[in-house]
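Structures incoming, each one as structure tokens.
You will see chain A twice below: alongside chain B first, and alongside chain C after that.
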Partner chain A sequence: MATITATRDGVRQAAGQPVRRRPDRGFGTAGGHVVRTVLALFFGLPILFMLVSSLKPDDQIFADLSSPRAFLPVGDISLANYAEVFRTVPAWRFLANSIGISALTVVLGVLINSLAAFALTRMRWRGRGLVLTLIIATLVVPFETFALPLLWWANKLPWLVVQDGRPLWTFGWLDSYQVQIIPFVANAFSIYLYYSYLSTIPKELDEAARIDGANWFRIYRSIILPLAGPATATVAILTFLNAWNQFLWPLMSVQSEDLRPVMVGVQYFFQLDVAWGPMMAYATLITIPVLVLFLSFQRAFIGSIASSGVKG
Partner chain B sequence: MSSPIAISSSAGKPGAGGSLRRARRAEARTARAFVTPAVVLLITFFFVPALLGFVLSLTNARLVSPQGPQFVGLDNFTRLFADPLFWKSLRNTVYFGLVVVPLQSGFALVLALLINARIRGINAYRAVYFVPVVTSIVVVSILWTFMYQRDGLVNHMLQAVSFNLVQGTDWLNDPATAMPAIIFMSIWQAVGFHMVIWLAGLQTIPGDLYEAAELDGAGRWQKFRYVTWPGLRATRSFILVTITIAALSLFSQIKIMTNGGPLYSTSTLVFQSVRAGYEQQQTAYASAISLVFFVLVLTVSLVQRFLTRDKD
Partner chain C sequence: MRRFMIGRRGAVTLAVVATAALTLSACGVASSGSGGSGGELTLWTHNAGNPAELDVVNQIVADYNASQSTYKVKVQAFPQKSYNDSVVAAATAKKLPCILDTDAPIVPNWAYAGYLAPLDLPQDLVSKQLKSTLGNYQRKLYSIGLYDAALGLFAHKSALTAAGVRIATVDQPWTAQEFADALAKIKASGKHEYAFDLGTGDSGTEWWTYGYSPFLQSFGGDLIDRNGYKTADRNLNGDAALKWANWFQGLVKSGYTPAKSSTDAFADFVNGKSAMVWSGIWNSANLSKLGDDGIVMPPPDFGNGPKIGGGSWQWAVSSTCDQKAAAVDYIKFSLNKKYLAAMAEKQNVIPATEEAAALVDGWQPGGAKRFFLDESAKYATVRPPSPGYPFLTTTFAKAAQDIIAGGDPKKILDQAVSDIDADLKANNSYGF
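Up next, the complex of A and B:
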């Protein structure tokens, strides 16, 4: 129990929340400040360069490279690169696709994975151990090892569509929205995160609710899910980042421009003569949603990553 | 643990044996219904394609083909092991892993130690170090492709800080520098992620251990060697495994920045499997490459697990 408490403190501290213990002050010196500042420039300047360059015409970007002006929004500043982006690629469509795909993956993922973890932690049934083992086994296998067989397999899967008011079976998921969403809904790591969190909620809560006549789904929905807020935040953030950043899979599985997500859209900018200004504008455009989310929920983001690491 | 809901300590049990058994059966039924969506999805989109990888690698399956796959024995592997591009890709993958794993985990630990001080503004530093992590690797790749141009930002900065002594090269178009440039960028992007995980690990080490070490006259290095390092054992093996798997799965950077070139000096196993399985539609050959990749990941993970095992 002591180790679990210590671990939670670690997550809390990594997320910037206060912990009673006093951390090692070893690097709180002036030299430490210099090193930290240099590192902040190292990590921050390239991103700043991207934001600033997206506002400048190409000739000015190159003219500014040899001076600190490269990182400053000075000179001929305009949104012309952004106008160019929307003129050359269907950027709104890509953004709308990515927002829709990410939102659906997050919502379905939170529901399905928390429900599975609920059954695995709080209910008694035969086969529980087997299912748990299978889920844990999937954790160590990277997606890239079965992406190509999955591509072949997805091309064979059935899907029900309605044509002329009548249901009709079609085969092959390639080039669709569902191929970008459904394979990523059930996630062993999300189940694992919920599993760890739900294990810390006392069982007496369910038992009391059972006596009061609540059914299992009601216990899940009204008691456990509301108490699992931090786990939901972690799962939602990690699922969102994953879905928004998808590149390899939609690159292979989606051909229609109308269905493509934002990351695959970068390909358009490499095809013709490379115009760096518009490319930086597109890069900024598809980064801003995530950056805004990160800066608004910084603690939750960093806390999610930290809690993803504290398994034994 | 405080909880908003009153906890009933006496667990309620239904009275008669028959109704107890009925309740148990109903509980098991409900639990299986709850895990079914997740289990069905994991079977369809993980287990089936993973097993298909083994099966298809022994056939002549193509992504789109009027005929079904036919059994061809080990032909794909014979062809693979005779393919110089395969050996080149394998070597590049291992090279990337061997450099990235120690450098990135070490650098991340240094960052975590620097951030683990209770001083003002520490959250801002941490956020800046973390910004590249929330930026998609696709965006980072196009940004750095721009910065790595012959007349790009990197070379201008090198000239500025070395007073024109260092003349940069065309980083991504030189077989000698393309891979090191991608390695540098990859570490820049991902190191913040592992910094946060190290930080969570550092916070689990009790402060009294440091006080005790100070009382015994331990210096900063001795405190690190005898308190911090042993205290990070669980975190260490987690970081090692996750960095290794991520490093060996190298794909997006290659696809965007060099497309495997120049002279295949940046082709990797995943890159080669995508080229075979998607661009050339040779699902069977791609499955064989994926299988070799899987064996590589599994072997490295098992060796690492063995080396970092609990020796007590």
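Up next, the complex of A and C:
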């Protein structure tokens, strides 16, 4: 296959035009290092505080607050808070639920949203501009405003189950996994991200593929989706974070403890006598998967955000 | 330049993740049944994350299920902090359980909204209970508690002794003047950064009302006129309320209490940052960290008698329950003195009856824990049993926060009264 470029720079490169580079504005200088260090401390210290506090008893957490000891694993250090976490919360179950819910939301989200953006960018049909406008318009509507109507509808929707070997329709999605996944698969921001990225891929590729006999789905699957890797990485991470951080919706729509995700578990520690140490331990446990995911995909994530070039 | 393509390995990984997730999804429950269908009664409790109390609830349910074969009660526990949101969401979807526990001050609102059904319990059972464990609205009983909680003035005994201040008791609480003298002397001793920590670091609305409106009532004010529940005028902005507001603000201005306490004022108290702290029975276990130096006293009498908030978590039956008689039968079963005693012992709360108190070490007359029962019986005042309470509490909490922040007390209280009266008018006084 010919060399493919997916960004403006890349397209220029493919067309034989010179690529303009931004001049180095001195971010590598001492001043830049200071800014980077301050930012690193700003974002890193809360995580360090969480990790260190997860090892301390409540009294010591508060006693250390007014000194640098708050960020140091000193004093009465132990894993007792972690033991308390597993006594208070079914943490493994919640983690498994969140991983499953988030993973499925990501997989379905990538598929649905990329297909929607593909239809909006590569296929010609009447009204696609209006549809795109409507999709983007939904970005300004906060979830809280339609949470209750959504709950009402979720309680009316049909679902197919198998009972005694026979398929059976039931009504009401509340207290289930699907109610935590399906409403969040289609996402306007993800569609917009894909739309922006797919718009930079030359249309000539589609035409060449069609001449070779490929249908629309083949073009999507074999050409466009593989080229949209950075956009997919960004959508995957943002969708995962959104699904992982779900709190209000599962609180409203799920009653069984076995189905709850991790964020609802945080509330288990807010009793009248708040268990700060165990809460920090729990926060550490549920932050690790997100950090691992981000570190694994950070290059692709940043690449997509910065619209960096790719070539085949 | 780097290539970002989904290769064969990536596709396989995605497929594995999707399969695992789908398997997990397939294990889900497609729909939940109504609260009381087919001999199963669903029970909701706020105790997720509180194994001590949840264990007792589970034990009562297990005993009840074993005691008869007609009904089976099924427990679903929710975290306390978001419990009310879950209940309101379920009511919207018409999915309330048959039996649910409720925070006492919200009971009239939920009764007015049609979430709860009146409880038909034998009078001899009800009459044994502490009055603050009964959730009444419009002269009907809607909820009943297995226990109550209480607030107290926790103190370092050494701080009072060094300042030459007597220790207050339930029978002989401090007067307003004694309290003022104690604060001045403790501050003068300079041993503690603060003489008295009000615990203002809790931004939750209910703490501000539960914790500080009893002081207002002790001054002679209130959140609303309890003769009719139609206005807050002259109760929340009268002379007594203004005196309370000035005293409340004066605690900060005099440097006795921090304008904003830390997130855990009791931990600061245990660490010696404050000599006294306003907190609740739930911190009794933490008080024991101070050994003999940790004591608890009733609030001062500011003229209208010492007051503490009454009413904790109570049990109710939903109006949509199709097995109401069975639900009430379960609640009757749960009021057995041995369960009340077990709750008091495991959760460190005030047993709802004297019979139950007699079964638990420390709660008998003269016992080490008896203070809270005597204090509750003598000084507990339930929060206004009006369906408008959610608005009352948010309005009062905002006013109290503004007063602590240094605002003009008269303007703040007049505004609060104006807001409350407008809400009452808009809602036709909630049926009163």
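By our rule, the second predicted complex is superposed on the first by the 234 of 312 C-alpha atoms of A that agree within 3 Å, B and C clash if a C-alpha of one lies under 4 Å from a C-alpha of the other, contacts with A are read in each partner's own complex, and residues count from 1 in each chain.
Quick note on the criterion: a residue touches a chain if its C-beta (ideal position, glycine included) is under 8 Å from a C-beta of that chain, and two chains touch if they have at least 3 such contacts.
Model, not experiment: these values are computed from the prediction.
Trainee: Have a look and say if chain B or chain C is in touch with more residues of chain A.
Mentor: More residues of chain A are touched by B.
Trainee: In the overlay, answer first, second, both or neither for which of chain B and chain C A:A103 touches.
Mentor: The answer is second: A:A103 touches chain C but not chain B.
Trainee: Determine, under the contact definition given at the top, whether A:G32 touches first (chain B), second (chain C), both, or neither.
Mentor: A:G32 contacts chain B only, not chain C.
Trainee: Once the structures are superposed on A, label A:T232 by its partner contacts, choosing first (chain B), second (chain C), both or neither.
Mentor: In the superposition, A:T232 contacts chain C only.
Trainee: May I ask you to decide whether A:L65 touches chain B, chain C, both, or neither, giving the answer as first, second, both or neither?
Mentor: A:L65 sits against chain B and chain C alike.
Trainee: One more residue to check, A:S196. First (chain B), second (chain C), both or neither?
Mentor: neither
Trainee: Where does A:R128 make contact in the superposed view: on chain B (first), on chain C (second), on both, or on neither?
Mentor: Once the two structures are laid over each other on A, A:R128 reaches chain B alone.
Trainee: Does chain B (first) or chain C (second) touch A:N155, or do both, or does neither?
Mentor: both
Trainee: Where on chain A do the contacts from chain B and from chain C line up?
Mentor: 10, 62, 65, 148, 151-152, 155, 227, 248, 251-252, 269-270, 276, 308-312.
Trainee: Would you mind writing out the residues of chain B in touch with chain A in their complex?
Mentor: Per the touch definition, chain B meets chain A at residues 1, 3, 5-9, 11-12, 24, 27-28, 30-32, 34-35, 37-42, 44-50, 52-53, 56, 61, 63-64, 111, 113-119, 123, 125-139, 142-144, 146-147, 151-153, 156, 159-160, 188, 192-193, 196-197, 199-204, 206-207, 210, 220, 223, 234-235, 238-239, 241-242, 245-246, 248-249, 251-252, 255-256, 270, 273-274, 276-278, 283, 286-287, 289-291, 293-294, 297-298, 301.
Trainee: If you look only at chain A, which of its residues touch chain C in the complex?
Mentor: 10, 58-59, 61-63, 65, 87-89, 96-97, 100-101, 103-104, 106-107, 148, 151-152, 154-155, 159, 161, 170-178, 181, 225-227, 229-230, 232-233, 248, 251-253, 255-257, 259, 264-265, 267-274, 276, 299-300, 303, 308-312
Trainee: If we count contacts the way the header does, which residues on chain A are in touch with chain B in the complex?
Mentor: Interface residues on chain A, with respect to chain B: 3, 6-7, 9-14, 16, 19, 21-28, 32, 35-36, 39-40, 42-44, 46-47, 49-50, 53, 62, 65-66, 70, 112-113, 115-116, 118-120, 123-128, 131, 134-135, 138, 140-153, 155, 157, 182-186, 188, 191, 200, 202, 204-205, 207-208, 210-211, 215-217, 220, 223, 227, 241, 244-245, 247-248, 251-252, 263, 266, 269-270, 276, 279-280, 283, 286-287, 290-291, 294-295, 298, 301-302, 305-312.
Trainee: Where on chain C is chain A touching in the complex?
Mentor: Chain C residues touching chain A: 1-6, 14, 17-18, 20-22, 24-25, 27-32, 44, 48-51, 76-82, 85-86, 89-90, 92-95, 149, 262-264, 266-268, 270-271, 280, 282-283, 285-286, 289.
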